[in-house]
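Across the two complexes that follow, chain A remains constant while its partner is chain B and subsequently chain C.
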Partner chain A sequence: MALDTLKKIEEAVKERPQELAEARKNGAKVVGWFNYNIPEEIIHALGLIPIRLGIGGDDRLVEIGARYISTKNCVFTREIVGLFAENQDPYIKNSDLVAVDATCLQTYRVAELIKYYFKVNTLILGVPRNFYLPEGQEYFWKELESFTQKLEEFAGNKLDKNKLAESIKLYNGIRKALKDLYKYQATDSPSIKWREVFDAVHAGFYLDRDKYLSLLQELLKELKEEHGEPVIKNLNGDARILLSGSIIPPKDTKLIDIIEQVGGRIVGDELWSGLNPSLNVNIKEPSVKGIADAYINRVPHAALPYLDLETDGRLKNLKQLIKDYKAQGVIYHTLRYCDPFTFKAGETKDVLKNEGVPLLEIHTEYAGSDVEAIRTRAEAFVELIKNKNILEATL
Partner chain B sequence: MTQKANNKPAFAGVDVGSLSTKSVIVSNGTIVGYGLIPTDVKLGTEKSGLTSLQKALEVAKLSHDDLKYIVATGYGRISAPYANKTVTEITCHGRGAHYLHPSTRTIIDMGGQDCKAIRLDKDGNVIDFAMNDKCAAGTGRFLEVMANVFKVKLDDLGPLALKAKEIVPMSSTCTVFAESETISLLARGEKPENIIKGIHHAIANRIAGMFSRVGVENDVFFSGGVAKNVGMKAALEEVLKAKIVAPEYDPQLVGALGAAILAKTYGSKV
Partner chain C sequence: MSRQFSYPEELKSEFIETDSINFKDGTSVSTSEIWKFMTDEGPRRFPFAFDSSANHIGRLSEDVEFFSGIKRGYLTLSLRDRLLKAHEKGVPIILIQGGQSMDPYYAAGGIPLRPGFVSMWARDMKEGLNLREADRRGVEILESGRKTISIEACNQVAAHAAIDDGIVPVDLIAPYLCLRCSDMAYLVESHRNKKGNVPRYLVDYPIDQKNKEWAVDYMATMLRTLTKKISDISGKETTDKDIREEIKVENKGRQLARELTEIWWSAKLPPTNSTDFYGVPFLANDFVGDPVATVGVLEGTKKEVKERVKHSVKGTGVAEDPKRLYVCGSCVGPNPNHVEKAGAVLVGRDDNWSTVSTDVKVSGDPYENLAKAILSFPYEQPTEKRAEWTAEQVKKSRADGLIFMYQWGCNYQTSVARMMADIIKEQTGVPTTFIEVGELGRMEALEQSENRVEAFIEMLR
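The block that comes next holds the complex of A and B.
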């Protein structure tokens, strides 16, 4: 039975499009954004409403998008273009400005395309290809300064240090609450499933951020009362799976449904539409530079190069999450033509093999034609994990 | 290999594939019956499974009631209410190949509509696998289409490839494009056996790509209906630079055998 606060979150998400439309009537401005490195703290501190855009899993929208971009572009970007072409998504419709950072370059190109075809008001944030060089860090800092100036012009006010400090505090609270929620879903016989936590993360793409934090804290309180402290004692014979790879945006449930149907238990994710953006954010001072430095030191998105396999932050994070959530295998989701993750699948598999953790790559798109083929792979992977514990099988 | 079962409990594996349905019955530590029929689309996967099982029961001189436990596998496993449990064909091929040839570490399974690379540990547990992606290349269906282009029986395709003096490279493994490319090559006057060898090599190269994800370790076992094709076996050995062990049992029945072995394992616990 769903927790009371989860129902409240679900209700709040349902009401949000109407709430946004009314806020805009009263003069509020909405900044929708895509990609990975847009700092919501700055948008929020300027009194603008941040909304993270993008849904997945709808082949019809993909086909509409493919009228404007190649069928060899990633299926998520095709669906985004389809969303703008159709202009029915309430969050797309209610965005006064669309901000996109140049992390995943296909998503970044979408910003150019929607400006050209649909006259969308867009704002781009440049991202360095090397986060570790001082020149790369300086580039990002200057890009963020320029991005902030343009946002200030759009908002009609200047970034205030105290307001920024308050926004940072709010977002630190949200990130901490989400990390705590993930601990609960990974426990034995949890009161909350990973899928419910994942949905709660997605609710945070839309809801008013102050309201969202209070709902998350209420949810954590409810969990603590019901479950006590989150501790993983034993593995209960579950096939504990960590989900990694290409984006799984709201409404793309194909792979998640299949994993659950074949008896796998997802105990965490390493996704840029899941836990990853909440990890390793350490903002040392309430300034644009403080935020630039902190974002650059987060878990990197796969679109950015390893540069050094041994010290790569994403792989280090992946290994840590496997350990924290006691995952026994990784399902690595790659979307067709999503270069950042498909290119890195082989290396990621090898790195984990050395740690004794099996990895299954599922390469897919939003059409339903491969559902049964994915089912066989996912089911065999669950058997592979469970069979580790059986059996002398002979005649 | 088949012998009449005595009063010991019997266990069955049913492998409902896209083109053929196979059943194997084991009892008293041995294989006592098998059935192999084309999967009948009109009949449906459930009835195809039961028909092949009935054939295996007739060979074993047993009745359905003698079966203590049934495991269904293959793509039709989701429509097998007669089974006590379903297991994927990946795990079943692993168990079957391990039983037939215990030093198997790598399996190439080429069936009617898909193709798999499977790696095993010394106990027959699957440690890694890869499957072909949304494409008929390297499957029984692909070879059926090609046999039709050359107007030869499917069974003759492999021996013809072995007769080739040269190899005509085939650039496509897409079933539709390979068919039109073949017609063009024949029109150009290329010898059929040389083209057929080219087709087998194109598939073997594609499968080698699949193995780059999981690796190859000896001994290599070839299962599935396509394993009966000697031309494909030769092409795979050449491309993978590995020796494929000689089949000790009908390779098309390996999945059903693995399912029967698992039926005994699970059924003995009941």
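The block that comes next holds the complex of A and C.
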């Protein structure tokens, strides 16, 4: 039975489009954004309403988008373009400005296309490929300063240090709450499933952020009353799966459904539409520089190349999450033509093999034609883990 | 059985009267030696290169009286030997990106090669191959890369595979990450999990960087690091003066290519065929392993083109009243032989032309000057701006139509194929289309792209 607070979150999400439309009528401005490195703290501190845009899983929208962007681009980007072409999504319709950071370069191209074809007001934030070098970090800081100036012009006011400090506090609270939620879903007999936590993460793309934090805290309180502190033991023989790879945006449930249907239990994710944006964000000072440094040094997105395997922060994070959530296998989801994740599938598999963790790559799109093929592979993978559990229990 | 191409012996005496080719290392090759290579040694060692099948995209120009074309062919076919010789002498061979400036690489004592040249070098490491065998060898190298990385990688994965498989001795992998290509970053990264462990460095290309001084600073810092890394391998200390001297040489090449192109475009009749014209910006951007040599060949080319224009000579193979076709897109173009057979001639391509169109300032901080020039390459600008520039080139070249062409796996270029085609059509009024090439590097199963190119030309006619 669903937790009371989850129902409240669900209701709040349903009401949000209407709330946004009314807020705009009263003069509020909405900044929709895509990608990975847009700091919401700055948008929020300027009194603007941040909304993380983009949904997946709809082949019809993919087809509409493909009239403008190539079929050699990933389905997520095609669907985004389709969303703008159709202009029915409430969050797309209610965005006064669309901010895009150049982390995933295909998404950057989407910004160019929607500006040209649909006259969308866009704002770009450059992201260095050499993000780990001092010169790359300085470039990002300067980029974020310039981005902030343009946001200030759009908002009609200057960034206030105190307001920024309040926003940072709010977002630190959200990130901490999400990390705590992930611990609960990974326990042996949780009252909350990973899927519900994932939905709660996505609710945060849309809801008023103050309201969102209080709902998350209420949810945590409810869980604590029921469970006490979360303890992850892995004693009940579940096939514990960690999801990694390309984006799984709201409404793209194809792979998640299949894993659950074949008896796998997802116990965590390493996704840029999931937990990753909440990890390792350490803002040392309430300033643009403080935020730039924190964002560029958090868990890197796969679209940013890193030339040394041993010290790669993305792989380090993946290994840590496997350990934290006692995952026994990784399902690595790659969207067709999503090069940042697809090109690294083999290497990631090699790395995890050395750790004794099996990895199954699922390379797919939103079409339903490969559902049964994926089911067969996922089922075999889950069975493999379950058999291993049985074997270990009998030893 | 395919037809082997050969240069008529009666041209020899006239050819050997022309200038020899001088190289950066102070050596030179006489025109007698070039003739011998192109008529005897070359056909024996690289028979595929002399195959005159229409499907052979790298076919030597049949305009045998255009002597600069023969010299360009020599530079291409002798690349393998020159690279091996240079490598043995401690000159670092460096894998880079297509369409980027080469000045810092050569200044620091290295030889930069775009992926296409590395793939070609790898193929040529085995001699005596006919066209079919050469084709098969190229595909084998390509497939080796795709197996270890991804089927969705573009053809440049072959160059990375050639390095990982130890087919060619590349000393450093250090490209710019131009806007042109998103695959390159991940392919460079992929070497970290390979046995060879070739040193790597990336020169980032900040996007959307107009009027951003911090983008120039960022790039200039990376160019300094790049030069130091090459110097560390070559053992040659690189001074600012060295960089300026190299900039002068390469500016000369770029200027020659621009002058040549203006002359070519202004001619009533196309003075050379598409193969010979297409080679010009390649020479002035890629330099085929030696800027000194290619600048010399460009000087000769200019003289010949001028003479031809003066005497209203039409290039061999060019149709009567050909339709003029401009090509843009990713680092790929249509087969010039097919284009000419269909009644058109290629009048430009945005890829190398973007680099060639931009000189580097000589006085002042050379790294900052390079950074400013590199960041102003029209091809690498946001798409609307790039399209505006391409539309200008279409007008200048008096093109009748434009094809935006991209290869399989190049999702960064494909994403804006329609947008580019739409803007250029709107700004120039000429028909535009976009075409995917799935078979780049192969010489079989070309019907899909051939049909599309021919149908477009037919529509123009």
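Basically, the second predicted complex is superposed on the first by the 387 of 395 C-alpha atoms of A that agree within 3 Å, B and C clash if a C-alpha of one lies under 4 Å from a C-alpha of the other, contacts with A are read in each partner's own complex, and residues count from 1 in each chain.
Convention: contacts are C-beta pairs under 8 Å (C-beta built on N, C-alpha and C of every residue); 3 or more make two chains touch, one makes a residue touch a chain.
Predicted, not measured: the structure shown is a model, and the values here were computed from it.
Touched residues of chain A were counted for both chain B and chain C, and C has more of them.
In the superposed model, A:V371 lies in contact with neither chain B nor chain C.
Of the two partner chains placed by superposition, chain B and chain C are both touched by A:G346.
Touch criterion met: A:Y108 reaches chain C, while chain B stays clear of it. Residue contacts after overlaying the shared chain place A:G126 against chain C, while chain B stays out of touching range. In the superposition on chain A, contact is made by A:Y337 with chain C only, not with chain B.
In the superposition on chain A, no contact is made by A:A2 with either chain B or chain C.
In the superposition on chain A, A:V231 makes contact with neither chain B nor chain C. Once chain A of one complex is fitted onto chain A of the other, the partner contacts of A:E383 are limited to chain B, with no touch recorded for chain C.
Touched by chain B in one complex and by chain C in the other are residues 346 of chain A. Contacts from chain A toward chain B in the complex involve residues 346, 349, 358, 361, 363, 369-370, 372-373, 376-377, 379-380, 383-384, 387-388, 390-395.
If you check the complex, the residues on chain A that touch chain C are 67-70, 72-74, 77, 102, 105-106, 108-110, 112-113, 115-117, 124, 126, 128-130, 135-136, 138-139, 142-143, 146, 305-309, 336-337, 339-340, 342-347, 350.
Note for the complex: chain C touches chain A at residues 148-150, 152-153, 177, 182-183, 185-190, 192-193, 200-202, 204, 206-209, 212, 214-215, 217-218, 221-222, 382-384, 406, 408-412, 414-419, 423, 436. If you check the complex, the residues on chain B that touch chain A are 26, 29-31, 75, 87-91, 95, 98-99, 114, 123-129, 131, 133-134, 213, 261-262, 264-265.
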